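Right after this note come the structures.
In what comes next, subunit A is part of two complexes: it sits with subunit B in the first one and with subunit C in the second one.
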Partner chain A sequence: MASTANAKSMNRAATGQPTSVVASFIKRNVEVISISASIFVLAIIFSILNPRFASVENLENILNQAGLPLIIAVGATFVILIGSIDLSVEGVMSAAGMTFVLMTANSRGGTDYGFWAYVVAIGLAAALGFFSGVLFTKVKVPSFIVTLGMWYVGLGVATVLFGTDTMPFLTNDDLSTWASQQNLGMPNNFLLGLIVAILGALFLRFTSFGRVTLAVGNNEEIARGNGLKVNRNKVTVFVIAGAISGIAGIVATIQLGAVNPTIAAGNLFIALPAVVIGGTSLAGGKGSMLGTVLGVILLTTLTNGLTLADVSPNFKTAVSGGILILAIVITAWSQRDRLRISK
Partner chain B sequence: MTAEINVVPAGGNLKVKLAKAWQSVGPLVVFLTMFALVAILTPTFLGNGGVTIVASSAASVLLVALGQSLVLNIGSIDLSNASITILGAILLAMTLNSVGAIAPLFILIVVSIFGAINGLIIAFTQVPSFALTLGTFGIFQSAALVVSGATTVYVKENGDAIKALYQSGIGGIPMTFALGVIAALVAWWFLRFTRPGLAMTAIGKNESGAIFSGIKTRWLKVLAFTMSGFLSGLAGLTIIAQAGSASPMGLGSDLLLPGIAAAIVGGTSISGGVTNPLNVVFGALSVALVPIASAAVGVPSQAQSLVYGLVIIVTVALTLSRSSNSIVK
Partner chain C sequence: MSLKSILTKPVRMIAALTLASSLALSGCTSTTGEGSTAPLKKEDLVMVVSVINTTNPYFAANILGAQVLAKKLDIPLEIVDSQGSSQVEISKIQAILAKGKKVVMFVNTVASSDAPTIVNDVKAAGGFVTIWWNKPDELNPADIGNNFVAFQKHSGLESGACTASALSDAIGKKGGIIALPGVQDSTTSATRVAGMYQELDANYPDVTVLDEIPSNWDPQLAYKNSKDLIAKHGDKIKGVWTADDGMQIGAMQAFKEAGMLEKVKFVSDGLYPETVAAIKSNEGNGAIVGETFHRGYMASAIGLYTAYLAAIGEIDPSTLPAEKRDSLFAISCVTPDKIDEYLQWDNDVEGWVDTLIENGPWDTAPVPLVGAGPEKIPARNK
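So, the complex of A and B:
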């Protein structure tokens, strides 16, 4: 494929035919353009179905709903870029959220550790990510099985911390209204998601860590052969994903103002399809944070619009699941080959 | 996947022998150890119908785990099986009320079709099985919510024959568990003595080799997932037999992890090509003992999912066959 494309451009150069700037721009950004167009089309359809969709309140609503999945999707993008998968997101989120609430001012009493509540919660999440990463790289357990186990370990930690007492809720009103308050015309949680995404994009583009991540995902054997510290990179990716899940857990708790062990249920189902339709390949090595941001906005627009069009919320996971299937089938379609092995 | 030749290092023979020994008697030893532990620490367990409780909760785990083992055996994984179980149970409860006695047969056909759809997409579009079944998991879960209206569906009519499965039994072991054991025997026979069964194991051991040997790998994958759907449906039947009702959040809605754990503790390899359905019986019994055993050693009941998660990670880590230069994703 690549060689024919090269031959074409060489031909073009040889015949002196100028390559159109617009055409090459479209070619380079085909995913971003097609997702943006899909969001636009969806917005028009939903506005016709229910005029309330295009109201300012609802747009704020969409951004508010997109905040949490966006944070999670950034972590998931890193993991998918190295060709692995992190299924532990929901478990790690509940463990971090529960730790956070119990260490800050809450209805169950206890000491308010202030700033340290954030540190310990995110630290715990990063530690869970670290264990996943080490088990994956050193013990060579496939990432989907390690993180499936870690999902339930996280849930278990949250359930044990929760105990048999009443549900703890936040007693600090400034904190429990933080997520929906606005700055720069955007709800705080979306703003935080955007900041995490921008940091992620900068890390990926401008640090050696980011470049090694892409190289590992692209071809691990060659990366190793070139002396890159592949294992260290993979563990770092899982630690970052864990820490980001921890942040997401805290945000989820703040949004609800309270916490129970199932607080994160359903989040994996928005984040994963969003990353995949954002153009990040499940095989690794290819993808972008911009794609992920747009993927999250597309999915949130879709679920929000369906709710406004009076579709039962029971259909929510089916929509995400269907989109996940569609996205992976479309990306795999061109690579079909009788001799290709996919597990 | 990798084609390198593994040179067996010095002392490697012992390792191979240990692995073989684990695969043949390991699951039984694990189960007997846990059983003895529980019997010693809580002597009342045996007197108070503890065996019946373990066998009945092992029944649905066993059926789901057998399906999972067949799928793991070809090197894939089915994350949607537990949601098929619940959807099947809900549909069964509803159709028993309206259609009547033919309902179980009808439902088993429907769940087999669900499994076949998984298999067809995986085999013919070549997408990773964990990603596809995660997607269908979401769809089946939604379908269960929508069909049941997010409430409990009770069996009001024609349920006696199915409930009898749970209420009758031999020596305190309910028939639902016997059903699981029969399914295990059939699966064992299928894998050891039939052409498609042997070919499935061949796919798990070396898929490229299987393709070049002229094995119809794609249709066998479809068959493996269809069987997983069918067995998940049987698990749904045992849930109706035990509870007389089904709901999206009720009994059996959390079978995914126990099912994988039972398959792996039963000696099934996560990378394919190795499974013994008869040992999965002991895997399922061990998993059903986990809550009782962890209570016996003083682990709080809230920590149950933590124990399941750790069991999976540790068992896979201990039993995984690995070579130092292979790539794991």
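So, the complex of A and C:
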């Protein structure tokens, strides 16, 4: 295949045709290019409608708002890459966020466990992910049902921990304003999201775990037939997704400076479309973290831009949904045959 | 084309399902007859408090009020946690009704549309129910019968007017403010917003609402929307109006991050414990300038006590005047310098419930009956 392509390329060059390198680059990166173009077009339109859209303050604001969904979307990308879905994100985030705040200096008092607050919160989230993974692979319950149940388990854990006392606030001002503080010209929460995405991309590209994940998503039976440990890979993916949801839960509480059991409400349905817009196939086996990052930025830009463009709240949801469908259709057009497969 | 060819199997199935569900629904919403009106014995009663969730401070206070009243009246109490879902709410209430005991029930409905099903189910089971905050305007307790004892709430128009006035005064009666209502189709939120505009239009012509974005009673969404509005309007924002204290928490965090907390004033509804703490600690150099006072424990105790009086035959709902069937209770405007006057009630919930039992549900300070519903949202001239 490769030699045929090279021969064709040489032939085109010899006959004066445009080099296939550009065409091949475009073909390989069609999703990334189309999302980048979409972001650019949206930015132009919104800047015309309201010049404040392009202000430094607003660009910082967009990145700040993209930070949390980006972290969630990285975990969701892993799960979607194996052709599954994780609906437990919001419940797991709530459980981790509540655990974190109650183990940190907060308005309810109690002991500040410092570093261990992070470890326990993320550990709890990873454990919930582990149970989802085991139930999914061993009991053969579809992932959307298992994780829907785990959503409520997480929410239940958060509600029990919350009890009937007042809402706990973080009492450390440095911590409660950390998310919006700047480093390297970006808000900390976006920077953290970017780091998580880069690590995710490296994992996918350079580790055997990443290659097995893509193989499982491409064709589970062939992967199993080739001796790959499919179930172990799937459980690991859910553990990673759980741990990432835990990080997101902590970031959400730091961002608000407080926590309640519904702290994560609405986040899943920003992250999942962002992953799909980013070119990750719902059928599994294909996708990239770069696409996910761009998908999150696209959706955040859209939400922010509609507000700045004075779109009435009565129409905003519908307009946002319409643009979302359009973006998904455009970016997923090239994979429409694959999307017919459902797992 | 024969009828048989038109009525293919799928069409017949759909028709049968439609007919069956229509019959079931019509059975559920039947409102014929007066229902059970005979006085019930106290030992046959069970008290039920149904709340939207158990973690919101207001709903937690609903439960507290029910617990104190149930203890005083020596009646067992059951708590329904709707978990924010109408379906959960209705199915849990139906499960309690199926146990056979006669209920004295307070329901803080998840959605207005839940009320007809609930009151009809309670009526069919011979119980007595009071609904708080949300019901369709056309659902009139008198039309259902004695078992739907009353619909009760605090005035949203008054709440909105009260907080708009406090905010406008605090920003020098001129300048831009932003408004964060709750869920867009919530009557409670809509009336508060209408009250805000009514007050601004009437008394503060130089105060402008720069933007109004529904934030679904959600602190996190209020935080995000506030960030966008800060980016959009910047220093033009002098004040922030939110329809409840939960959203105020999110808005204040956004302004804190933008370094604007000390330059902007905030008002809201509910005087939640978190808000009390922020006022007492002078957060943002007196950022919160106005609140309304009404309490969840007062609402549930008033609602349950009204239903209880009907259940034991102390009152006959059918003979009550209109304002005691569809009721508006007083709401107080509170400025930070006066919060201690109001917090006295929180420090003695048992004492307040004693006064309620002594004075009756319509005449207990600081929340006496002040008018009749339903509240009509006025049309704006501007």
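Everything below uses one rule, namely that the second predicted complex is superposed on the first by the 292 of 343 C-alpha atoms of A that agree within 3 Å, B and C clash if a C-alpha of one lies under 4 Å from a C-alpha of the other, contacts with A are read in each partner's own complex, and residues count from 1 in each chain.
FYI, a residue touches a chain if its C-beta (ideal position, glycine included) is under 8 Å from a C-beta of that chain, and two chains touch if they have at least 3 such contacts.
These numbers were taken from a predicted model, which means no experiment stands behind them.
By the touch criterion defined above, A:153 lies against subunit B but remains apart from subunit C after alignment on the C-alpha atoms of chain A.
Shared-chain residue A:136: touches subunit B; no touch with subunit C.
Using the contact criterion defined above for the overlaid structures, shared-chain residue A:83 touches subunit B, although it does not reach subunit C.
Touched residues of subunit A, counted separately for subunit B and subunit C, are more numerous for B.
Using the contact criterion defined above for the overlaid structures, shared-chain residue A:177 touches subunit C, although it does not reach subunit B.
Residue contacts after overlaying the shared chain place A:213 against neither subunit B nor subunit C. In the superposition on chain A, contact of A:144 is made with subunit B only, not with subunit C. In the superposition on chain A, A:162 contacts both subunit B and subunit C. Residues 159, 162, 164, 314 of subunit A contact both subunit B in one complex and subunit C in the other.
Those residues of subunit A whose C-beta lies close enough to touch subunit C in the complex are 50, 52, 55, 57-58, 61, 64-65, 107, 159, 162, 164, 166-167, 169, 176-177, 179-180, 252, 255-258, 260-266, 303-304, 307-308, 313-314. By the touch rule above, subunit B contacts subunit A in their complex via residues 1, 75-77, 121-122, 124-132, 134-139, 141-143, 145-146, 150, 207-208, 211, 257, 260, 270-272, 300, 302-310, 312-313, 316-317, 320, 322, 326-329. Across the complex, subunit A is touched by residues 53-57, 60, 63, 84, 184, 211-214, 218-221, 223-225, 227-232, 234, 246, 249-250, 253, 256-258, 272-274, 277 of subunit C. Residue ranges of subunit A in contact with subunit B, taken from their complex: 83-85, 87, 91, 135-136, 139-146, 148-157, 159-160, 162-164, 220-221, 269, 272-273, 276, 282, 284, 312, 314-322, 324-325, 328-329, 332-333, 335-343.
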